[in-house]
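The same chain A turns up in both complexes below, where it pairs with chain B and then with chain C.
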Partner chain A sequence: MTTDKDNLRTKIQAAIQSQKRPTVTVLSSLLAIQDSIGYIPEEAIEEVAVNSNTSINSVFGVASFYPNFRFTPPGEHSVEVCWGPTCHLKGATEVLESVLEKLGLDSEGDTDDGKVSFRFNTCLGACSQAPVISVDHELYGNAKPDIIPNLLGSLHEKENHHQ
Partner chain B sequence: MSDKVNLTIDGVEIQAEPGSMIIQAAMDNEMYIPYLCYYPGMKPYGACRMCVVKAEAPTPDGSYRALPGSPASCTTPVSEGMRVETNTGDLVGLRKGIMELLISEHPHGCLNCHRIELCGPTDVCLRHVSVNDRCVTCPKNERCELKDTVRYMEMELTTPLTYNNRHLPLEVKDPYWDMDMNLCIVCSRCVRACDEVRGDRAITLMDKSGRSIIGTAAGTSLLESGCEFCGACIDVCPTGAIVERDYKWDKAVQKVSTTCPHCPVGCQLDLDVNKRNKVVRSIPNRQAEANMGMACFKGKFGLDFVNNKNRLRKPMVRKDSVLEEATWPEALDFVASKLENHRNGDYALVASARGTNEDNFVAQKFARRVMKSNNVNVSSNSRPKLVDSLQGLIGDDCATNKIWDLLDSQVILLVSANITEEQNVASVPIKQAVAKGAKLIVIDQRETELTRYATKWIRPLTNSEPVLIGGILRSIIDQSLEDHDFATEKCEGYVEFRNSLWDFDLVKVSAQTGISQEEIREMSQIFANTEASSILYGLETISDTHIDDTVKSLVNLSLITGNLDKKSGGIYPLFSGANQQGSRDVGCVPNLLPGHRPTASLGIDLTEISEACDSGTIKALHLIGDELFHNTASRSDFLDKIKATDLLIVHESFANEVTNIADVVLPSTLFTEKNGTYTNMEGRIHRLRPATGPKGDEDEDWRILSQIAARLGSGNLSYSSSDDVLTEITNEVETYKTLQIDNLDSRGHIRKPALNSSYLFSPIEFTQSEETLVNDQYPMVFAPGRVLFDADRDAGIITENDLNTITRREIIEMNEEDAKKAGISEGDAIKILGEEFELTGNAHLNGLHSGMVATTTLFGALIESLNNSSKPDPMSKIEGLKLCKVRIEKV
Partner chain C sequence: MKYEEITSQATAEWADMTSGRVPLIRIGTAMCGHAAGAFRVVKALRKCLESKGIEANIQEVGCLGLCYAEPLLDIKKEGKSRLFFNNVTPEEVEYIVDEYLLKEGYPKEKVFGYIGEEGPVSGEDSLEMLPGLKLQHRIALRNAGHTSPYDINQYIANGGYSGLYKALTEMSPSEVIDEVKNSGLRGRGGAAFPTGVKWSFLVGSPGPTKYILCNCEEGDPGAYNDKGILESDPHTLLEGLAIAGYATGASNGIVFIRHGHDGPIERTEKAIEQAYDLGLIGNNILGTDFSFDIEVALTGESYVAGEETALMEAVEGKRAMPRFRPPFPAAFGVWGKPSNINNVKSLSYAPEIISKGADWFSSIGVNQSTGTAIVCLSGDVNRPGLYEVPMGLTLGEVIDDLGGGVTDNAQLKLLQTGGPLGGVLGPDSKDIHIDFDEMRSAGAIFGSGGIIVGSDKVCAVDLTRILVAFCQFESCGKCFPCRLGMEHLLEIVERISNCDSKPGDMDLMKSIGGTMEAGSLCGHGQLGFGPIRSAITHFEEDFRLHIEENRCPTGSCDRLKIVPKNTRPYATDHIAGE
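This part shows the complex of A and B:
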């Protein structure tokens, strides 16, 4: 267990050190860590506090302010549904319901088996293709509720080629 | 020309400090603008918007330009000619809207209920709010700023009594306090107090707008979040969101301002007394210049001992080897008849560390005039050498500057003192100074809270501190960093002193102290190259034989850099005991008469008392309080020795091992039950005021002594009141002559410093420390440390008996060579064995000196054990972090 934690700390420290920018802040360090390991573990809060010469409480205050930081490891696959105005008008609600039903979720979150993390997105930048969903950062335009079961069906089995 | 800014508020012309905010200007001129998040002494924040005003400022052409919108007066600075309106119809409407938003998430049946004075706890609430939301179930009922604001502004609230309950669970598992975040209005005063004022950052604002709430990182316990349990967040909370757990719902019927008896800072506390005559709460006084509204874990949560019911109420006299209750005349007659035979020098008196100036003045007069003995002392005077030389060299024996002058020091040198625990509030200006950019140098083998704030943390070998400071002095001379004018014009003995430094070759110094020459040079540059550098010393880790040398070196250091006379320079001795300074001033020490006059013959030292009792030099021992017993390392040995005396008189408030063996026990009053004065470490005289009054036959120590004196035929010890004694003190003690007894408020009175017109340098010697702490059985020195939090160490919190406790694997630091010899490698489980304790942990091999081991524990663990202690007054009995001899074993 100790070695796992030490490994985690090493990764976190590497992520903090990897920032090639003139000003390293609490926020930039948190972002670097989330980019590197996908979430902000407790150890990351501690390491950022030590590195930025502030307290764990202040760092946690910053981290918890932004909804994009997550404190638990993400699932192997990510699914995002856009519910921005265009997608909303073009029928995102039905797509959303279908996705939630397929994943067995009520709202944003991770599936019970921890394989899939689901999030809302306010714009995926492809309004012309609305409604849009993203599966493992791959966009699917003109999404209809009936394509969802097929699209997401294999996620629980297949390995994530992005990782 | 006045450098103040002129402005008008509601048509009244006032003056304000440039740069101050409108709300502060109004407050200074006794005008009220309603506010909830603002707090004097903290930075402008502007969270609640309750203090909105209309303001207009003049333009160059003479017309007025309105400030846009309704600015918050707590974030808008004053400007010349500004006109401010605080109470227009618009503003009243705006504030009402803000209040309605706030109470949409806060129970508010109580806010403008007219029955508040009529209802009792069993009455049916006529406001039809649920039981949990009634006024009487709020811990801040009638102390709530939300309610005060609504009442004062006579707000006509039309909101329905329903509200959006957050349904957050109460947090009641941490020691001493409760948090109910359903009552929080997110003014973030507590977060700012913890951050800006105390520098701890133990709590934070979590989450984002709408759900944002006060808490700790990942919801951990305060025990490991860096909290020092000072209670500053409780004191500033406007609602019942953060409150003290003890006597949570008790209402004060009386408020008494008095002085804390726990340490030499002498915090001014406002004590809440309830209708059953109990002290239920302590709130530090914001007007007080000694503590500036600050307190610590001892002053905030460590005063409940005064309510303890197991008090000694009646005098007791030993008859046929049994202690029996007696009346005062019987007991006093008995004492007087016995003492009659001890007026030949075999009598010793040890006064209480909590004794007032009056108690201790009468005590020394009693011993000297009535008992004809110089054996008079106070139990806090365990290390008199801490200030003896200071007095000899500069004329006075107390801090040369005020505590809060440290705020503007540019460099602070702290030598071997654990201020956070021993003199807590004095650490607040240090932390604030560091936050402003001051440099802190800590010389200490132990890791303490302030080593975390230090620019340089120097861990010299044990007892090499005088040599180390000698090395710094030499390095200052070598680099010509000295203040030559000050050293030659204001001081004497500079040349001899300078010549004595040639012995301090840096190579030798470095070998003796284990500190590199480079570090020594750097320290001398940091200390000498500033406008104002101050020195604080406690010398807690230094053996008695080296204290005097260290003090002399430190005085030399202050003189050679010309810092002694500077406003934020100076030198601060840090002793323990609430009234150690006063005890010296009134002559309750064996070597000084009142007013620091030397005695003809020296009385016996505290450390020699038990031996003297054993050998028969002292046949009658008179103890006031039991602190002497507490300070003694081997208690059973101490008790055996003092048992050998013919007569043991003890003044005490609680029964303990000493009262059990006493011949006479006289019940004495506690600090909340008496009048008198304390003198704090900066020489500030503070008043004690009785909050509760005695409940039994107990009496003040000075009065007991004066009655014994009368029975022994000495009339000149009769006084009508403690002020009567104080009058005599002001006549006898030169430094107290300026004291006006009737004008003594919470700001206190600084006694006249007794500084000489010119200061003395003292030549120092390069001494090879012969003394060793260790022996063959215990060959290593152990340096225990304690800090508020450790970010890079895993600690667990488990909940036992509904209270949080810390579980953690300790890390034992040690030298690589030592480890190699003992066959220990990094991470191995090892055990430290001391004479009276045992500790296990994992070895961590770092650059520690050979022959030393160190650990650092969490302050939370100390708080946890204090909270669980069953002793009447555990806060005053905290063992200091002492160096001791140990051996290590591999597990």
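This part shows the complex of A and C:
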């Protein structure tokens, strides 16, 4: 009988093996795993270390360096608020307040029901539409605080469609 | 296939597509269009055309640069000019389709302007007369908004790969380098180092494996021109990379893009695939004995990964921490092989420089800043955009003529240029020219082209706090002046912003800044004091009010202040077992 742990390892190995870009590294493998299962469990660190013929320590060194990696399963939905200077000038703080209130959070993290993961983004790359937020990887520009309740309101019921 | 066969097929396809025989609908879906809702418009459009049984050719394209008008829809019908519709919402799609495609009428409520030799469709103005297009001189972005990034033939039909063909068939590698040197092209990644000179460093390095790395980390908030090129016209970069490869005798190109920037990644990879299929990259390009491979590599989120030696570490899959120099990249680069690093924009100019010549390129621009500036104009301006303009325009022309002035008729208070390591300028900076050297002597830099405009509702202390928080968040931690200095600076700026400063804080900041400048390993720490220094020079009064009168002149500092903190476990102790 296969356990959940075995399953996880199978998925991790599949993610490592399925990389299409010619250059495979510790970083590219970690990114592929996070894309596939949404986070970097301990098993992933171990598998990447074996696959890249390096130590667990150095793989964790890489994973802990880049803030886009997370080490616990993510919520079904992702919300990101840009805190870059343009967005800041254009009212990102008010948008942030509205998002935190709607999600019941104080700062970055996951909602109590585990459905939504919230984080900051240093620049979502659409500064000319500031302030910008991202919901399940869809960008919303000119995001005024009053659109937030509607935009995020349905997330708790919504199917996850971003994977 | 022979080059002539490739071009004649592409030209025929292009002529047919742009005849409008089947209505051609173009819509900008780069990140900026995406944020403005372009994908929702495309979805509504497909649904609407299908339900009404209308045949049309929908092409997702990149940026004309008029961000303020996105989503921008462009319909070309047979015998008519291209008709543009601005700020289209999914709800408005049906009106436009009904009026213009179904009833052969004129959806005048939504018309923005026309482009085309056929003249106005029904009395509307030419889009090319708008300052946002008239003032542009598009070289790297020449095809942006016109051709699909997903179709190599559209690039080829517009002269694409003719620069590479010319280089391979008519020029020696050293002639290519001389052409780039003579064009005066300087790197657009921040340091403005002459590109041709940099290429020449790689020539003498031993092969056979040598790399040209293209830097599209673009972690600077406020800059989106590199991503804009990749999303609009990735082939101009690929062609430029191949030209650089030929000139320097390199064997491989790597385009380095940040994970999560899906549009640029997807479009670049698709472009690479198509270029391989036509033999424009790969073995024996266009039947010559030049071979060159190109691939995409991703980095995790790290601003410092854009620093050239940190980039090489990240390509190797490690933490993006800068290396000590020497050895320099041309001697010991990625995987120890000779390497050259260029920004996306720098490389994207190469095809046109080779096609049209060094003299043509150097005739554009001013002084030692030849060619164009690709400006990302954002913030408190009426017409934010992605504008490619000749070097030498003044900042005032950029803000007022291109940008349509400050929003809500407010006064201009500040400009933040050159990214988070750049500087902050005051309202008296309108006469400064976009010229690498003039901007540097003004205490700012042009950097990679971001210009963020702040009105008089902006508090300079508050903005400085965000810039310093960014620099602290992104410090890689390798060297202590930057790692500790940034943290200390942030602490001080935060307490000034909280009207809770301590006596001597201003001097303390200067002293920490001096240490960082003198003792940091890379540009991040060496330049990281720049924003504070320029802010306290130009906005002393804002700082004084917080410190002496315990108040923020605009109320900005009274709002919620949460920023993400750098939580990187610092190098050595964490991987102590190594």
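Rule of thumb we're sticking to: the second predicted complex is superposed on the first by the 157 of 163 C-alpha atoms of A that agree within 3 Å, B and C clash if a C-alpha of one lies under 4 Å from a C-alpha of the other, contacts with A are read in each partner's own complex, and residues count from 1 in each chain.
We take it that a contact is a pair of C-beta atoms (placed from the backbone, for glycine too) under 8 Å apart; a residue touches a chain by one contact, two chains touch by 3 or more.
Everything quoted here is computed from the prediction, not taken from an experiment.
Residue contacts after overlaying the shared chain place A:Leu139 against chain C, while chain B stays out of touching range. When the two structures are aligned on the shared chain, A:Gln129 is found in touch with chain C, with no touch to chain B.
In the superposition on chain A, A:Val50 makes contact with chain B only, while chain C stays out of contact range. In the superposition on chain A, contact of A:Lys5 is made with chain B only, not with chain C. Once the two complexes are laid over each other on the shared chain, residue contacts for A:Tyr39 go to neither chain B nor chain C.
Of the two partner chains placed by the overlay, only chain C lies in contact with A:Leu96; chain B stays clear of it.
When the two complexes are overlaid on their common chain A, residue A:Phe65 makes contact with chain B and with chain C alike. Taking chain A as the reference chain, the count of touched residues is higher for C when chain B and chain C are set side by side.
Shared contact residues of chain A with chain B and chain C: 55, 57-58, 60-61, 64-67.
Residues 31-32, 34-37, 39, 67-68, 70, 218-224, 227, 254, 259-262, 295-303, 314-320, 376-380, 384-386, 416, 420, 450, 452, 454, 458, 462-463, 466-467, 470, 473-474, 476, 559-564, 567-569, 571, 574-578 of chain C are the ones touching chain A in the complex. Across the interface of their complex, chain A is touched by residues 195, 200-208, 212, 216-218, 225-226, 789, 791-792, 794 of chain B. Listed in rising order, the residues of chain A touching chain B in the complex are 5, 42, 45-47, 49-50, 54-61, 64-67, 71.
Taken in their complex, chain A has these residues touching chain C: 21-23, 25-31, 52, 55, 57-58, 60-62, 64-69, 82-90, 93-94, 96-97, 106-108, 119-120, 122-130, 132, 137-142.
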